[in-house]
Amino acid sequence: MTPSDRLPGGVAGSTVRRWVRFTPGQRIGRTLAYLISMIAIVWSVRTIEVIPEFLYDAPEQAVDLFRRMWPIDWSFWHKMVAEALVETFHTATLGTLIALVLAIPVALLAARNVTPSVGLNLLAKFILVASRSVNSLIWALLFVAVFGPGALAGTLAIAFRSIGFVGKLLAEALEETPVGPIEALTAAGAPRGSILLEGYWPQIEPSFWSVALFRWDINVRESAVLGLVGAGGIGVALDTGLNNLYWDQVGLCLLVIFVVVIATEIATSTIRSRII
Amino acid sequence: MSAALVIRNLRKEYRAGVPVLKDVSLEIGGEGLTAIIGPSGTGKSTLIRCINRLVDPSSGQILFGGEDIAQLEGRALREARRRIGMVFQEYNLVERLTVMENLLCGRLGYVSVWRVWLRKFPDADIERAFELLDTVGLGEFATRRADALSGGQRQRVGIARAVMQGPELVLADEPTSSLDPKTSVEIMELLAGLAKARSIPVVVNIHNVELAKRFAQRIIGMAQGVVVFDGPPSALREDHLIQIYGGQGWLE
Amino acid sequence: MSAVKRQAFAPNWIARGLWLALFVYVVYALGILDVSWDRFVRGLDNGARFLGRMFPPDFGAKKLDLLWEGMVESFQIAVLSTAAGVILSLPLGLLAARNLMPAWVAWSARGIIALCRSFHPVITAILFVKAVGFGALAGVLALILASMGFISKLFAEAIEEMSLKQVEAVRATGAGFFNVLIMGVLPQVNARAIGFCAYQLDSNLRNSTMVGIVGGGGIGAALFTAYQRFDYDFVLTILLAIIAVIMVSEVVSGQLRKAFQ
């Protein structure tokens, strides 16, 4: 292709070509999206209740709060926090394990390639959405009403909330498995169970453990607060401190929670880089 | 013809005591295509990238338009870069942007942030972009996404982007190494024609000695960080090539 | 001819060991939590009774008004916290990108992000209630921090995974920092960024239903009150409303993500 000798520059009388970034259809879509977002935001700002007096002395209140938390009440550790911490750990871990077990059948039902029945797919998907929509704190309320206060309620709350999370990601992983190996097994006459075990499971296993680790990390954080509604763990200690307005105890609980979260994150990233 | 680019005693060490460029001095004149040849690792790429400061030289001067680029910082450096266009081996287009937007990147040194955000580039720039697209044979491709193009097409866009800057010097870092032989010739034709039409120097790093001899007015051979040959293609002989590349096996 | 039995599958002792350890742990933990069969059965009985009190859900006019008010407030909390969270997170995420920023800037930004992520929104909501009083503002502020922790982290990761070569080319044209950002960095990370912003809106919607339990506004307050008064049929109504809203929002955010792909 030989380059032209024309130097770039306007030539008198030539038609000016225009460049538009978006097609008219795209432009309408984008304008609509912006409009809706703006309306939602402006409306929310105008109708949200903010009591100005409270807002003005907020910095003062915050400083006051931190001043009351210091010095931290270390004795609270032995009185309540250490035990509660162990309970929190078990709640998170056991809850995650239970969720993993319960999520597998639901995920199998929700995956379109594993379960061809649309009705079952929708039912399973509804179970997963319902599980996810209800916050673990609210699940905890429900289980405290059924099983009484304590770590059992907390564990079940964690479990039931996690089913939706784990199940959704597992179902997606199942739907994305390449169909080749499955076809091979079906062609060889393998029964359903074997196909699941030897065809699907090896392919989703890495995702499974990755999701499990991810959810466990989140669950440790969640377990720490369930005690606020009586479901056991360090949240109970936190709640005790808050109710009595012993801010130094509250400070200790917050510090412990912070350390635990950091530790969990280090643990999960180490496990991830070593094994996954 | 006064020199557009003067390099004096350029030296670059990536690791202390292991210089990749050892005392390179060159003067590049006002027009024509200059090809730099030499084996991999000999500092060709480093030399080119020092010129527009994508790599910082360890010592030496790079005089362009009277200023020493090696000493410039901040705004002054950006203004110097505006006047130097660059073509990359792997095209380095922003893949998710359209061809037109990639071309307009050439004007980023001249357009304010607000206009760039809203994509309200001056009409003159847009018109110029269309003309350049015609010149490189991609007139209908303005709204295509860059990652939908073939390698040769992408490199044409890369060249057009460099020319959009209205540069006084164009650098090309192995522009044909990722392309097939036929497309390589087309790209070199574009670059050579560009040098002639705009009367600016074009400096090209290239592996392929045949292409270099065919399109360049001047060949610079480098080996182990120093210039070992500098002259017209007609003066390039076999013993020069042996000195540059070492060994004879590849010549046969 | 002696037959040497060859094993087709070498036993994976490590994996078996881990499964065994897991099993032992479960048994141990169940013991700690005082889960006896007796308690479980009693719990099921309680559960049945509990469910009985929840059905049928309460759809009375006054209750529906309460429900509507609460859900609207939760929605507002979600919208505001996501909007403000996105605006704050993008620069923060940019500052945390180790391939674009000097080390001290990147690590400081990452420290701030880690701090935002460490605390559950309920905890930050409690602290904000103390600072700015009961009501939706506390909830919004708490969720803004939660959003920042999530969006900034993912944004920084997206930037660290982008192609630096494309950015280098834009820089070589003499473009200033912001122009390089707009034409070199953002086009590469935009699609993913919109994805996790949509996810965060969803997540904030979920969390906004619960910050009310500790005073942060939204439907959580109505839920907690009903709960404490044993108004379980209204609790069910609220739960159904929450599930419905989340389902709709998931569909919408899925569409949004596809549209911007």
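A few comments on the model shown:
So that you can tell them apart, the chains are marked A, B and C in the order they are listed, and the count of residues begins at 1 in each.
Heads up, the rule we're going with is that contacts are C-beta pairs under 8 Å (C-beta built on N, C-alpha and C of every residue); 3 or more make two chains touch, one makes a residue touch a chain.
This structure is a prediction, so every number in the text was calculated from the model and none was measured.
Least step count on the touch graph, subunit B to subunit C: 1. Of all chains, the one whose Cα centroid sits at the greatest distance from that of subunit C is B. Rounded to a whole number, the gap between the C-alpha centres of subunit A and subunit B is 49 angstrom.
Subunit A and subunit C have CA centres that are 4 Å apart. In subunit B, the residues touching two or more other chains are 101.
Residues 52, 54, 78-86, 88, 90, 92-97, 101, 104-109, 111, 113, 116-117, 158, 161, 165 of subunit B are the ones that touch subunit C when the two sit in their complex. Those residues of subunit C that touch subunit A in the complex are listed here as 22, 25-26, 29-30, 32-35, 39, 43, 46-47, 50, 73, 75-77, 79-80, 83, 114, 117-120, 122-123, 126-127, 130-133, 135-137, 140, 206-207, 209-210, 213-214, 217, 220, 223-224, 227, 232, 235, 239, 242-243, 245-247, 250, 256, 259.
Those residues of subunit B whose C-beta lies close enough to touch subunit A in the complex are 100-101, 119, 123-124, 126-132, 134-137, 142-143, 163, 186, 189-190, 193-194, 197-198.
The touching residues of subunit A, counted against subunit B in their complex, run 1-10, 16-19, 21. If you check the complex, the residues on subunit A that touch subunit C are 29, 33, 37, 40-41, 43-45, 47-51, 54-55, 58-59, 61-62, 65, 86-87, 90-91, 93-94, 97, 129-130, 132-135, 137-138, 141-142, 145-147, 150-152, 155, 221-222, 224-225, 228-229, 238, 242, 254, 257-258, 261-262.
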